[in-house]
Amino acid sequence: MKYKICIILLVALICTVLMTSCGEEEGTKIVIAGSTSVQPYAEILSEDYEALASEIKVIINGGGSSAGISAVMKNVADIGMSSRSLNEKESGLWSVEIAKDGLALIIHPDNPVTNLSIEQIRGIYTQEITNWSELGGVNHKIHVISREEGSGTRSAFSDMVMDGARITPKAIVQNSNGAVRQLVSGDKYAIGFISLGLVEHQDGLKPVKGLSINGITPIRENVINGSYNLFRPFLFVSNKEPEGTVKDFIDFILSEHGQQILIDEGLISVSPEKEIG
Amino acid sequence: MKRRIKPQTAEKIAKGAIWTIALMVIGILIAIIVYILYKGLPVINWSFLTEAPRRMGKEGGISSSIIITLSVTALAVLIAMPFGIGTAFYLAEYTRDNIITRIIRFSAESLAGIPSIVYGLFGYIFFLEILGLGWSVLSGGLTLAIMILPTIIRTSEEAILAVSKTYREVSFSLGGTKWQTIRKAVFPSAVRGITNGIILSVGRSVAETAAVILTVGSDLKMRTMAIHFYQLVMEGISMENAYGTAAILIILIFFINVVANMLIDRFIAKGR
Amino acid sequence: MQNKIEIKNLNFFYNEKQVIRNFNLNIPANKILSVFGPAGSGVTTLLRSLNRLCDLSPEARSEGEILLDGKDIRSPDINVTELRRRVGIVFDVPTPLPMSIFDNIAYGPRLKRKKKDGKISETVELALRQAALWDEVKDRLTVPAMSLSGGQQQRLCVARVLALKPEVILLDRPCSGLDPISTAKIEDSLTELKKQFTIIISPHNTQQAGRISDRVAFMLMGELIEESTNVEVFKNPKDQRTSDYITGRFG
Amino acid sequence: MKKFKEKLSGRIFLLLALSSISALVLITVFIFVQGLPIIAKVGFFKFISGMEWAPGEGEFGIFPMIAGTVSVTLGAALIGIPVGICCSIFMAELAPEKMRKIFRPAIQLLAGIPSVLYGFCGLIFVVPLIRDYLGGPGMSILAGSIILAIMILPTIISISEVSLIALPRHYKEGALALGMTHWQTILRVQLPAAKSGIVAAVILGIGRAIGETMAVIMVLGNSVAIPESILDSVRTLTTNIGLEMAYASDEHQQALFATGIVLFVIIMILNATAQYITRKKHSKTQNKRKSNETKNQTADR
């Protein structure tokens, strides 16, 4: 008797589990995967989009730019998110830029250094410069923090700053913007790079300081007017010209409403004229 | 000249040292738990438990994460349990010790030590790319089932082999068939060890991050608590909610341990 | 006198090691037969091969014939579980299963078919009475069998075999770990039981063999040295080795 | 009916066993099929001794990761083993019954805490402490070793405690009767007698340390360089997989699977050692039993 009850309960449990996992119908579901840098913004966009089109469910996974692109190629996801430009192998895919994101070099607020040149940054990341005193700071070793191989943020940084040189293997590697930010906010001698939108002070987090590059402060206005040139595109990638709900969602993002959401979150719109106007 | 310490003195010193170390270990454990609960409990309220997360997890609760965690774990354990226990019984009762069973045992043991991320990748390629199941509770549950299978096989087999040989002999000598012997004499004595293995697997499934992130995915409303916590911390989104999630995770694991042990004592191990 | 069991030319091996050599013995019904010999002489193996419990060891192998009521128990068409119900065994140490006293006794009957519990409790009571344990445990049938004393546990094991209603009972040094009082209780019930059953016992010393058995067999190095009535073997052994063993010159 | 049940149950067990074994075979084959091509291409020796890891540029050398794994595991073992053995002695011999009742479930709970939580605790407590008091970036071998030491404690404690408790009582009683103090008995009689169990516990603990991923990702710093001091950041084999697996494709992915193979082999060697040690002890006691009481000739099962 006891056994029978147990078995019935087990069967019921399996059924519920299977139902929750297979509940959604195809077609009303958009599966997105890719860059962890883009993921939070995509989540916010999807929330507003789902409020407008309630029958559609948007599922957003992280994983990384390359993982997202490869998921699209293998038909696992409808849209891939990338925080870097596509490389040659991937150039056959359909893609659209949904926003631009600045890249900021960050240090601890107590660090007296405020400005670096691109060459100096490259020097730090190739270990030609290893002490803050060489840059006008205190006499202490620099703790270099980088992102992992395959990250869109890292490859964007490599493309824009490193000029073909290799990032030193001695660099500490973290696998998210948040982790880099957290580490720098606690270490007076660290330097790292993260999305511009995450530099500003946030609730419950310790502050970090964004470095000026060649004298230009890392703020959105300077990215928009072109004087601060460390930025990368946020791309949505698909393996075919989007249609149906996928197209609808992308249209929503590119609409004024969608772009405004991204601007509010600290990104740079793909149509800057509109923003100024 | 070296003076020997009196054995009694040595004993006092040594015992003192061991007490200190043991108390320190307990202290560290309590410190971890108390810290997380201290930071996390104030965040937990009814709406934290019943609302879905919003704004990257900054707002809202973690209801969806709780449900996903429970269903992925339940699915994984329910699938792995019959296969794992069945395999253990087969290995322990129906085969003789030979090179093949030894290879099976050995590979099960070694697979139990493989980092979970490898299982995650296997699950991703097999269930998502080949079978097209998508990021889902199903893919995650199946992946976790394979991941915990070696643990269940190993612990169950150990429990079965630990059952005294005389129980089997007695059962056979009283005219029991093999199946009757397994069901009535071996299983009741091994059940404690088997359930311990299952509890261990439940804990592993609940706590798993690496394998699940690749197969269940990290969608805000579709991720387990461990992933939710990891994302909140690593992306630096909301420490408050991260502590809240961690507190619930710890409470859940504590609950699983205590309740499972209680249930075993109450229902299965009674009369023993 | 009718023979319950006839053993003909039995040879028994573990891997390459021969444990029983060319063994011939007739065992009469409703008598107590004591089989004894020094450690390693194959007594346990002999007992275990009578209900094919030896089959459980993969390296065991045997030749010859063991006839139970004229039918060879080693033939492939014999139902082993049925055989083991007919030939019950009590081991050298008490082996209660980890369950209540009642469930221990009811274990065998329940395996056979689903009976009404009322009928089973009758069987249990009868078995416990036969093993002279009923009065001691009748008020606590639901407590774990492990909580009984050693002597009680062993009588429980006897009762458990009796509940099967077997034809032959094998006892492998059943009193080896027990105190004299418990031993006496078991011996008393055995003399009572031989009216219904054929009993083969491996006694834990020669005195015990002398006290309870009708017939006695002496084994050495896997061979049967001699077999005769109780009086014959102890008073007037034919073989020098038997008399050496009985008088304590070796072993 | 009974015959049928008997046959059916045997078949079902066989079926269950075959399917789970094929799942295990599947994943093993999968790992090797994915990883072997790159090892063949780069060359096994070059793969494990190469100093450069730059998958983007076709450099696949995992020696720094092997060095990282070895150093962190060694550190964890140095801290975890003595503490673990002390705790098991405490639980088996010294603790009053009440303490034991708290200690044992507490250790169970310790085993159930998610590794991300351990990593997190390392991140907010251990890393800043090392950074502020010992210098360096804080993310270091030391931090990883401390966290891993705590994580392997439950394994070491529970297994060695079991082997201490399983010792026959007369060992202890005999030693005490000879006039040894309790501590001398533990040190000279009980520990040596339980040696094989404790060694197995240690090896399994080390296996767990080698296989851990998420916690060490958070505290090790993950730089691909040969460490010069325990305050340097390193990357282990597992973190290499954990960090990059999600992004990787083609040869890079193969190289990560190849890293998995190396890990698999290391863990297999460890397990084989553990089994060898425990089995040796097993057969020894078995032989003894056999010679002592030849009458009880039936072998296991």
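A, B, C and D are the chain letters, set down in written order, and residue numbers restart from 1 in every chain.
Assume a residue touches a chain if its C-beta (ideal position, glycine included) is under 8 Å from a C-beta of that chain, and two chains touch if they have at least 3 such contacts.
Note that the coordinates shown come from a computational prediction; the quantities given were computed from them, not determined experimentally.
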{"item": "Label of the chain whose CA centroid is most distant from the centroid of chain C", "value": "A"}
{"item": "Among all chain pairs, the one with the most C-beta contacts", "value": "B-D"}
{"item": "Chain centre separation in whole Å, for chain C relative to chain B (CA means)", "value": "47"}
{"item": "Centroid distance [mean C-alpha coordinates] between chain D and chain A, Å", "value": "35"}
{"item": "Computed distance of Cα centres, chain C from chain A, in Å", "value": "79"}
{"item": "For chain C, residues contacting two or more additional chains", "value": "56, 58, 81"}
{"item": "Shared interface positions of chain D, touching two or more other chains", "value": "2, 123, 218, 246, 301"}
{"item": "Two or more partner chains touched - positions in chain A", "value": "62-63, 175, 179, 182"}
{"item": "Complex contacts: residues of chain B adjacent to chain D", "value": "7-8, 10-11, 14-15, 17-19, 21-22, 25-26, 28-30, 32-33, 35-36, 82-84, 86-87, 89-94, 96-97, 104, 106-111, 113-122, 125-126, 146, 149-150, 153, 165, 168, 177-179, 182, 200, 203, 206-210, 213-214, 226, 229-230, 233-234, 246, 249-250, 253-254, 256-258, 261"}
{"item": "Touching residues (chain side chain C, partner chain B) in the complex", "value": "51, 53, 56, 58, 81-82, 84-85, 88-89, 91, 93, 95, 97-100, 103, 107-108, 111-112, 142, 144, 146, 157, 160-161, 164"}
{"item": "Residues of chain D touching chain B in the complex", "value": "2, 5-6, 9-10, 12-17, 19-21, 23-25, 27-28, 30-31, 83, 86-87, 89-91, 94-95, 102-103, 105-106, 108-117, 120-121, 123, 150, 153, 180-184, 187, 207-208, 210-214, 218, 238, 241-242, 245-246, 257, 260, 263-264, 267-268, 270-272, 275, 300-301"}
{"item": "Residue ranges of chain B in contact with chain C within the complex", "value": "96, 166-177, 180, 184-185, 188-189, 271-272"}
{"item": "Complex contacts: residues of chain A adjacent to chain D", "value": "62-67, 70, 143, 145, 148-151, 166, 169-175, 179, 182-183, 186-187, 189-190"}
